Amino acid sequence: MKKKRAAVVGATGVAGQQFVAALDGHPWFEITHLGASTRSAGKRYGDALRDATSGQLRWWAEGEPPAALLDLKISTGEDLDTDAVDLVFSAIESDAARDLEPLWAAKRPVLSTASAFRYEDDVPLLLPGVSFGHEQLLDEQRKRRGWKGFVVPQPNCTVTGLAITLKPLADAFGLAGVSMVSMQGISGAGRSPGVSALDAIDNIIPYIPSEEEKVAREAKKLLGTLGAAGITDATVEISATCTRAGVTEGHTEVVSVELERAASPDEAAGILRKAGREAAGLDLPSMPETLIEVLDDPFRPQPRLDRDRGRGMTTTVGRIRPEPLYDNGLKYMLVTHNTKMGAACGAVLVAEYLASKGLV
Amino acid sequence: MKKKRAAVVGATGVAGQQFVAALDGHPWFEITHLGASTRSAGKRYGDALRDATSGQLRWWAEGEPPAALLDLKISTGEDLDTDAVDLVFSAIESDAARDLEPLWAAKRPVLSTASAFRYEDDVPLLLPGVSFGHEQLLDEQRKRRGWKGFVVPQPNCTVTGLAITLKPLADAFGLAGVSMVSMQGISGAGRSPGVSALDAIDNIIPYIPSEEEKVAREAKKLLGTLGAAGITDATVEISATCTRAGVTEGHTEVVSVELERAASPDEAAGILRKAGREAAGLDLPSMPETLIEVLDDPFRPQPRLDRDRGRGMTTTVGRIRPEPLYDNGLKYMLVTHNTKMGAACGAVLVAEYLASKGLV
Amino acid sequence: MKKKRAAVVGATGVAGQQFVAALDGHPWFEITHLGASTRSAGKRYGDALRDATSGQLRWWAEGEPPAALLDLKISTGEDLDTDAVDLVFSAIESDAARDLEPLWAAKRPVLSTASAFRYEDDVPLLLPGVSFGHEQLLDEQRKRRGWKGFVVPQPNCTVTGLAITLKPLADAFGLAGVSMVSMQGISGAGRSPGVSALDAIDNIIPYIPSEEEKVAREAKKLLGTLGAAGITDATVEISATCTRAGVTEGHTEVVSVELERAASPDEAAGILRKAGREAAGLDLPSMPETLIEVLDDPFRPQPRLDRDRGRGMTTTVGRIRPEPLYDNGLKYMLVTHNTKMGAACGAVLVAEYLASKGLV
Amino acid sequence: MKKKRAAVVGATGVAGQQFVAALDGHPWFEITHLGASTRSAGKRYGDALRDATSGQLRWWAEGEPPAALLDLKISTGEDLDTDAVDLVFSAIESDAARDLEPLWAAKRPVLSTASAFRYEDDVPLLLPGVSFGHEQLLDEQRKRRGWKGFVVPQPNCTVTGLAITLKPLADAFGLAGVSMVSMQGISGAGRSPGVSALDAIDNIIPYIPSEEEKVAREAKKLLGTLGAAGITDATVEISATCTRAGVTEGHTEVVSVELERAASPDEAAGILRKAGREAAGLDLPSMPETLIEVLDDPFRPQPRLDRDRGRGMTTTVGRIRPEPLYDNGLKYMLVTHNTKMGAACGAVLVAEYLASKGLV
């Protein structure tokens, strides 16, 4: 099979580099075009990755920048030749995304980590085991906007693991309320400027602007149902407190759920362990064997030990136990990899899924 | 006024050293006796603080060991001459406390950081702004056990800041339920062995054995009411998740409360800011000017910036906002110093309080 | 005595805030004017400290911003009314310092943390126990530049503790060569952008641009001798490797020295312990009782335990032992507080010294 | 080829678990026997890995304990059936090693991480690119001690990367003196008790007992020459300062060398890049493609980014530049993985090498 030609825009930033790393050696997609801001446009990718003053290579993703891309010349987002690619991975800021992503979506599928379109009526959020199927909304999106392509944004990195664990519980037992407290890894804030080391060492940062609202809003949409009139948000109440801890990668989340029907910790564990079977059956290259791993050891999950499970695409759950505050309450903890499943790798998985459906 | 003569037992361990530091230069109390295990008994304090193999001074409290105590000879807990002291500060392990503290309490007041007696019917837990007054139970304790002295244990370091903030809310608005998630500093686990650095760096440890049960049980007792039949636990439901973060000192806690009557964040802040006025009026040396500081900056409290407020005796609160999960719900965060108010300094404050009541 | 009126310029940045904190309650100096960039000029100080978007207070120094200064209106550096102040503390970037500090120095003494003038022939670097006396060069500076005031820059934060320990050894035993490896705290890099948390956690950053050259150059000048022709740099060879470690405050330095005459570790310790006696005799408010503390415990100094010694103005030395690579070699380690003695507090101490000499 | 049967003794500790992980799926060796202390003897491996009190799985190596070994019954070291295995990997404490390793070596090859026999005249230290060939000393060892097997200890984890980089420089340019300052990862200290988190966070520990002596002594032996009379230590002077930094895995080392003949940084880089070619040609499963990687970016090597290079078996070098203190001086930095090349994986590589020579 000939590989589909992919553009990565925002390719010099943290999230864009993660797209580049996630697509390196990908069996279905091949990066043929790179886009970035005017500051980098016209440069070789290898040069644009170097700090102008110090000459230091600034590469935040795993490993090294793919040698084959170092000579690729960067274009601006405006000048991206959409005719020459089959799909676009967008890792640009939300403000820019509002203007640029429609340009590309007019012709091609756009998979984006920006939040710009997440809350639009005709824009689905796709997550394996949660909202695969919501892509049916893309017809409406194309029609309404007159696009040949479409935009599918990746949900916020904090909501990813949460929704992946809530969905099977909601389906099995009904879901009335959710309380979530996160201790988030710092990589989610990007690197430049990102989180200051002086704030992160020997400390907890108790607030991440807009994060709690995003978690609640996106979780309701992800857990919502697609009907003729579009997606109806789930009615569950979601209360999030998002903090930043001195952890490089991996979000740890403490979750309490009020269920509609009683479930024992063992029943819940059984349900979670079965999650994602359908998506796993599609043989998508980035889909982990196990979408949710449930551990019995009460000292797990830990971000340092569990974030890389399933190459960062598995959500690890532990400490499932009764929540005494609610009638049918359960508590658990989860660890999810914020820059793998929660960002570029998750968006690549969605692209694979859409390709398997003939939409990319 | 002649200073009261104090013994510190367990004086070579982390908690004992904190007693030694807290009592250094104390205006009312003076350490005249030191106790430790048989391994240290008979040695000079200065020698017992050194590692036998490397000769390294092992001192975990602030500053340096007080020079005046270095030559003091250590006795075993069994051999402690209670006649020669006016009160005993006990920082020994709970198993040992069960046997040794009664020996001392037979004659003298014992202030302890051990959990051994915390859950006994005739043993009060004393916390400023929360349960001062519960010392009336000590008559019953003395009578029942035939002691001239008594045992007053310091509550768990995680429940301290929680109870201090819950009590004024309970009094003002009624308290129906509490959810608490902690990110605890590692000093609470002692040093030897304490938390392994390999577990703490770039990580969150999701479980602290027994901690969640202690928090719930002690909070109910602290918020309880003293009647003729002793303390009746508060009926509030308390659900705690206790984790360990890569923070040296200071516990950060995310708290959600269900109140019986509606309260706005501003009303709650006003109530919290007034907490502890009565205790502050007693002019106790260790009592902070402000028991609870409420900050408006949403990026506060942070453990590194706020733990030392009021010399570690003030609880800092921030991010007060509605909790949508409950009818009359509020959420907030707090930082409390686990080895100051939550340990030795808190117990010294209780000793001061009891002295002001003529009980020590 | 009426306090001298001081301006702090660059008052909203990290270094400027440290000046503000260092001068809070100072017995000799009082901040009457604040300067900053045009972005802040015209605002109240309290407003300028808040992030424009989030409203978050951005305060990096200890404690809280002094209440008395919150309403002070900020001027630009260009508009600073030098007639209305007695001295200027400058915490601006070096590029700006090159233009602005001469404006102020034309009329008033300027104490600066910028490196702009450090390497000028007629500019002394002043450090207690090292180069106090070099202020005699200021006459020449005034004459040559036609200034009524002068500029005295604070040396680099990494060279401070190094020079303080090298000088007494050089005087006592002669100094032929110095090798230094630093593990520097991250606060030295400022906060905005400062060091990224993603670079600092679970990591060592092996390179700090320009730092090694600064250390060598400034150490030679500090250890140099003032003669008729100005300062003659010390001829000692200095080889520095500067790294950044995951430490908030405090630089740790591993030092090897080749001496001209043999010295035992005990002799060196004796010499170091006597350092700074003369400066200590001047009764300067910021001068620590002990300029160099020498510890025998091989596990010291440690940045977390020793950086605050002498309110951050004492250099702590340990592990003095023979250096087998040299004929008369010694090795030792030191911890110095980079944002206290190594920055604003050090510059305030120099201002005190110059005031005691009638120069401020 | 039938796999050789291997025993791992000390299998429940940190170093032993790393042997278990390193041998999991190994193409040449298969664990058939596990040994540990009497406390674990008689238990299933899966049970012995659990904390007796909490039931917590205590596994410090990567991934999970191999499922196939969980049911293997543990024997004591004394009872290990040497007839039933082909070689023994020993990860026991040095004191125990002195007694037990001879028992096993009487019959079988013993590869050990213990230091017990490192300094014996008839015991070689084997490191690829450095001292492969020194195994010829094993004949003498067998003869002298009357063993059918032998003991080959793995050198200290801090000397590994140092010797690997020094050897090619010594061969090419002659080596007169070495100064080394390390910032070591905490995993090298084991986990139980290991380094306390309270010592490691926001801190540098300036001293590691015995480490500096080991580095100097073992480096001289590794760089020594094997002759008829055994190994003659290299005459180079080696001065080490070993510190512990807040890094989980990976030792960072700052190295200064005095060469006998001048070499430019580029020449040195060229020599280092060619190191280990001969060993690489042996097709040993654990041998990395590149023994030494030299990076030009001055911000590298960093432990978090470079420790896993070559699956933790490659030493990464950077910042090669002149050392002004010496006539023919060079400085550089290196990162080496202390629990991979510096421990179990390195010992497995040696076992592979010895197998390729027919000695195992």
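Letters A, B, C and D mark the chains as written, and numbering starts fresh at 1 in each.
Simple rule for what comes next: contacts are C-beta pairs under 8 Å (C-beta built on N, C-alpha and C of every residue); 3 or more make two chains touch, one makes a residue touch a chain.
Everything numeric here is computed off the predicted structure, so don't read it as measured data.
A.B. asks: On the document's contact criterion, could you list the chains that touch chain B and likewise touch chain C?
C.D. replies: Chains touching both chain B and chain C: A, D.
A.B. asks: Determine, using the mean of C-alpha atoms as each chain's centre, which chain is farthest from chain A.
C.D. replies: Measuring from the centre of chain A, the most distant chain centre belongs to C.
A.B. asks: Report the inter-centroid distance (CA atoms only) between chain B and chain D in whole Å.
C.D. replies: The mean C-alpha positions of chain B and chain D differ by 46 Å.
A.B. asks: So the centre of each chain is just the mean of its C-alpha atoms; given that, what is the distance between chain A and chain D in Å?
C.D. replies: 40
A.B. asks: Of all residues in chain B, which are in touch with two or more distinct other chains?
C.D. replies: 54, 199, 201-202, 209, 246-248, 298-299, 304
A.B. asks: Give the list of chain B residues in touch with chain C in this complex.
C.D. replies: On the chain B side, the touching residues are 54-57, 201-202, 248, 297-299, 304.
A.B. asks: Within the complex, which stretch of chain C touches chain A?
C.D. replies: 53-54, 60, 186-187, 191-202, 209, 246-248
A.B. asks: Would you mind writing out the residues of chain C in touch with chain D in their complex?
C.D. replies: 177, 179, 181, 183, 199, 201-207, 237, 239, 241, 243, 245-248, 252, 254, 256, 258, 298-305, 318-319, 323-325, 331, 333
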